[in-house]
Amino acid sequence: MKNTERTRVAVVGASGYTGEELVRLLLRHPGAELAAITSRQFAGKSLAEIFPRLAHHATATTLRFIDVRPAQLAESAEVIFLALPHGVAVEFAGPLLEAGAKVIDLSADFRIRNAETYKEFYTHAHPAPELLPTAIYGLPEIYRDKIRDARLVACPGCYPTSILLPAIPLLRARLVESGSIIANSLSGVSGAGRKAELDYLFVECNESVRPYGVPKHRHLAEIEQELSVAAGGEVTIQFTPHLIPVNRGILTTLYFTPTATGKDPKRIDAAFRASYADEPFVRLLGEKTLPDTKNVVGSNVIEIAWRFDPRTGRLIVMSAEDNLLKGASGQAIQCFNLMCGCEETAGLI
Amino acid sequence: MKNTERTRVAVVGASGYTGEELVRLLLRHPGAELAAITSRQFAGKSLAEIFPRLAHHATATTLRFIDVRPAQLAESAEVIFLALPHGVAVEFAGPLLEAGAKVIDLSADFRIRNAETYKEFYTHAHPAPELLPTAIYGLPEIYRDKIRDARLVACPGCYPTSILLPAIPLLRARLVESGSIIANSLSGVSGAGRKAELDYLFVECNESVRPYGVPKHRHLAEIEQELSVAAGGEVTIQFTPHLIPVNRGILTTLYFTPTATGKDPKRIDAAFRASYADEPFVRLLGEKTLPDTKNVVGSNVIEIAWRFDPRTGRLIVMSAEDNLLKGASGQAIQCFNLMCGCEETAGLI
Amino acid sequence: MKNTERTRVAVVGASGYTGEELVRLLLRHPGAELAAITSRQFAGKSLAEIFPRLAHHATATTLRFIDVRPAQLAESAEVIFLALPHGVAVEFAGPLLEAGAKVIDLSADFRIRNAETYKEFYTHAHPAPELLPTAIYGLPEIYRDKIRDARLVACPGCYPTSILLPAIPLLRARLVESGSIIANSLSGVSGAGRKAELDYLFVECNESVRPYGVPKHRHLAEIEQELSVAAGGEVTIQFTPHLIPVNRGILTTLYFTPTATGKDPKRIDAAFRASYADEPFVRLLGEKTLPDTKNVVGSNVIEIAWRFDPRTGRLIVMSAEDNLLKGASGQAIQCFNLMCGCEETAGLI
Amino acid sequence: MKNTERTRVAVVGASGYTGEELVRLLLRHPGAELAAITSRQFAGKSLAEIFPRLAHHATATTLRFIDVRPAQLAESAEVIFLALPHGVAVEFAGPLLEAGAKVIDLSADFRIRNAETYKEFYTHAHPAPELLPTAIYGLPEIYRDKIRDARLVACPGCYPTSILLPAIPLLRARLVESGSIIANSLSGVSGAGRKAELDYLFVECNESVRPYGVPKHRHLAEIEQELSVAAGGEVTIQFTPHLIPVNRGILTTLYFTPTATGKDPKRIDAAFRASYADEPFVRLLGEKTLPDTKNVVGSNVIEIAWRFDPRTGRLIVMSAEDNLLKGASGQAIQCFNLMCGCEETAGLI
């Protein structure tokens, strides 16, 4: 049975790139009614003033940013999206949950189940460890049923999505050595957020390619947590992010050493098909073509291709996604659809 | 007679894009010895730390940014380049001149001869109007001899250079109506300087084209001043700058109504040839080809092409330059060469 | 009354950028059923193979390019979109119309009412002048009613749309001198089509800005035709297109000399409001903000802003559009909606 | 002792990106006189016509492309640069060498010592295997002395340079497992050459990131040949090239498993310093900063940085170079300088 009434939703911290994407998607979502958008910085301004590209929507001139307390927000919306920096989202989540709202958090605050791991990677104690057991990791292809019943969803990071979806089927089927994983990722600049920093100026990024966060990027915490679940044992991986001069898109190239059974290409193919053949947002390119970010930017699709290298015996898996959609706001809407009984693809195709 | 000794020079405020270009050019200049670079923000840091792309130069690890008073600076260098924001440069120029140094200023502080006009466009009274009569406008193709003897050179802005060099020969020869001039300019993002502002983030500039400063950009003050000199009477023009997603380059398209004599293409051609045929940094494309910023970026050259439109009777003149070179630091070096008796092209080819 | 059945449509020559956009829009259009796509080059291939970014649509693997005669095509579709080069489209249009289909042509073949003018600008005699009187110029904001009843719609070019929508209300209201118009346009590279030519290679376009087609671009024929209708007399304009390094987007800056009545800003404002206040795809920015291609790319919206320059007495009007949407395929869908009784915004918001 | 007379040189096939760079560098080289440039396609045209950006050089209007036989060419120049496609260069090299000229070849024709390996990777028998033993691999940091005496230099490919310079010192010192090497490379579009192919159109490359040539790119032949020499045994590596939207620049990220001795960071540091501390074109960033293509584009410098990952035990080494300079034409000039007794940095700083 499908939900026929629109669910009232709010977006907290709707002034960054993921917030803008959320608002854009929710404005045209058949099952959502955007009841409130909040921003301390832009309180009082209309949506049309702050995001001119959304100005032709009917509500763009009437919908205004507000700056309210979590409790008030829970009165006007049933589902609240948090598009806030990590460490800030947690302050909203508790009161909102207590007031009966469902929360879809796009920050890192609820992605890590182990408070110690959180502290190691985020350098401060988790402020609300009691909430961690209730949070569901918002990767629908992996946790679909749990997301349906969740009250608190922690949406995966952009890099983690691009690594986990290709790697999990291989680890689950024991087709690759869990200690062999190297993930080389390339991200568009919107991944850094809308921050006025010299490093992200046009002139500093254009005609530039550079690695960063080597060798211990924060996203490793959630990546390894989820890979370990899939492998049934602790997994540590190599991960190198790079900044490239595109607005959007992540291209990840993964290197694996196959196990004895993983040396059979048919099994690789079968593992991917078994996991994703019916997934609306996973496009399996197999051994035929190669991913390209321009084929996924603007959509919630992740492309996955693979090749065996007979010379080295390694398996190479490549994925492409839009970091703001499948890597953030699109995936959040996919979770929302599951939580509210909408078609999973509602508002996304 | 050519100068055989190297002139000791300093760059004040060497931390922006024009400052970096000045330093890069001076490091390889056969007639200059870079004695000092100053920056409040980077004092104590080496050149190599702040500008990694210059790190392979011999002095890059030994030359360090300092934060000194103008008087001290005049002891270590004979010629001082000021790469400072307008309003700040003027504070350095006076003491430096008094201490006997020559000053090449890249800001707007000494470009406007009339203190009232300065106030109109820069919204505050000029802090040192007594210096204005001594300043020479640093456009070598127009003021070569005066620059040779100058103690204070005011380098033209990037847009003004792209407009003045094409327009002055036409106005001087009375080939165009002085009230008919429209200048439509497109600039790369480095023209906005190295400022951490949201508007100049990669994501805000990439895949974006936009006009700004319509209709009264500050550069109009110096553009109209110099066009009026050329025309022998007051000239007011239309000028619309646009921001385009390239690092460097200005493309200006100028529209003129020709006078009766200006309707003869041979006269247009003759006027440009008479002015620029022997200029090392002006490339006359005439009616054959069209300018392209990629053909001038990285060089001190300005390209100029023109076309008559028999349908409308108008004359269209197009120019292309590197905003950081012919539009700023390259032109400053050209002035330096004149002031110090070097070959005018020294360090620039 | 709204159409409730889906109209069967076909896209001929669906292999270029406008064809791809048409297909993308039609796949998600609530009132259209994409019955056929044709391409000589790709006949036999599936949509998913040729346009990977559309591969997640349900029909992308089953819908295959075919290479058929016009008469056959008319059997499978009621409305045929022609995304062919000029000179080729005309060969399809006649037989299709004869077979009873409606034709929406995106080429230049039916835009010019006067066969002589066509010959002047396209350098060969028009092959089917008898069809010209039946063609309607597909600018819905100007010819809405005629488009509703049309059997042959000639969609405007990308530059013309960006010039005509801002200029027509001003000419109609006699607010600007019809001989004073200068249009300076900047276009993204997709405007050149998907052609394997050196000039459009990444390396030749990136970090490059250049004028082209100076001073007599083919689009002038249709621009001046429509401006003349609006002005009630022959209009000749100045038009300079430039190529800039973005995928999509046209930014046009127009310069006008106002008439005596046009000197009153309120009348300018009133003229624009009277024409466009209720238009779903025209966003009037007035004197408040300035257009930016990034705010319209991906949508069928055209932004229009204006400023008076009290210094020069001129009126500056600026527009921004997505050259592949409002400048081509989006506008074609807008016409389709009118022709088929759909909501005018169907499939476009 | 330094050469004081200029060496007469010619560039064959000077119409692509590497050819243009060679010409640009040779025009300002203090020890070279550019006697001839050849191109079948452009024969009769002046340098200024074909490469407008070089048009301000004194000889640009007088130097014209010619189409001559190798023997004739050997009369006018002592050193001939071949900037031709592989398979074509070899046809010129034999006759030129026979006629007494020295040859610096930028194609792949003489990089592979083993004719069988050549056949495996380039799919046809080597046309002149007798010349292979005389060719010296033009990597000055590795083969400086041999290059000095060479008559035929085979300049390394762009990817190989970015991989070999970081990897060779580690393999020579037995600090890394030779079977563990993974090279993930990102290249600007100029690496594909100036070819009118759809894949390299602006619209296809801009806002796109994609792997290609997976898993067996031709450059592997020379990379593994040279790594095997360094390791003293056969080395097979994993190599994945990617295309990114910049004009120039290669960023390579290398993953190694250290040997027992290689686990000591001091030894890694020592190995790099021992190899490159005095090299004018290798910038060792060590463990302090990270490479960025924008810091090397326009120069002949390669940046190398490294990090140990204590979590995985792996060593990550990253390099950045300009693919057209250190990866092609700049390195060719460096070889030329060695062969002709110039300063190794002549014309390159």
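A, B, C and D are the chain letters, set down in written order, and residue numbers restart from 1 in every chain.
Please note the rule applied: a contact is a pair of C-beta atoms (placed from the backbone, for glycine too) under 8 Å apart; a residue touches a chain by one contact, two chains touch by 3 or more.
For clarity, every value in this text was computed on a predicted model and none was experimentally measured.
In this assembly, D is the chain whose CA centroid lies farthest from the centroid of chain C.
Across A-D and A-C, the chain pair carrying more C-beta contacts is A-D.
Chain geometry summary: the mean Cα position of chain A and that of chain B are 46 Å apart. One simple way to say how far apart two chains are is to compare their mean CA positions; for chain A and chain C this gives 37 Å. Chain A and chain D have CA centres that are 40 Å apart. Touching two or more other chains at once are residues 204, 206-207, 245-247, 292, 294 of chain C. Against chain A, in their complex, chain C makes its touches with residues 28, 52-53, 55-57, 207, 280-281, 283, 289, 292, 294-296, 298-299, 301, 303, 349. Within the complex formed with chain C, the chain D residues making contact are 17, 189-190, 194-198, 200-207, 245-247. The part of chain C that touches chain B in the complex is made up of residues 182, 184, 186, 204, 206-212, 214-216, 236-238, 240, 242, 244-249, 251, 253, 255, 290-294, 297, 307-309, 311-312, 314, 316, 318, 320.
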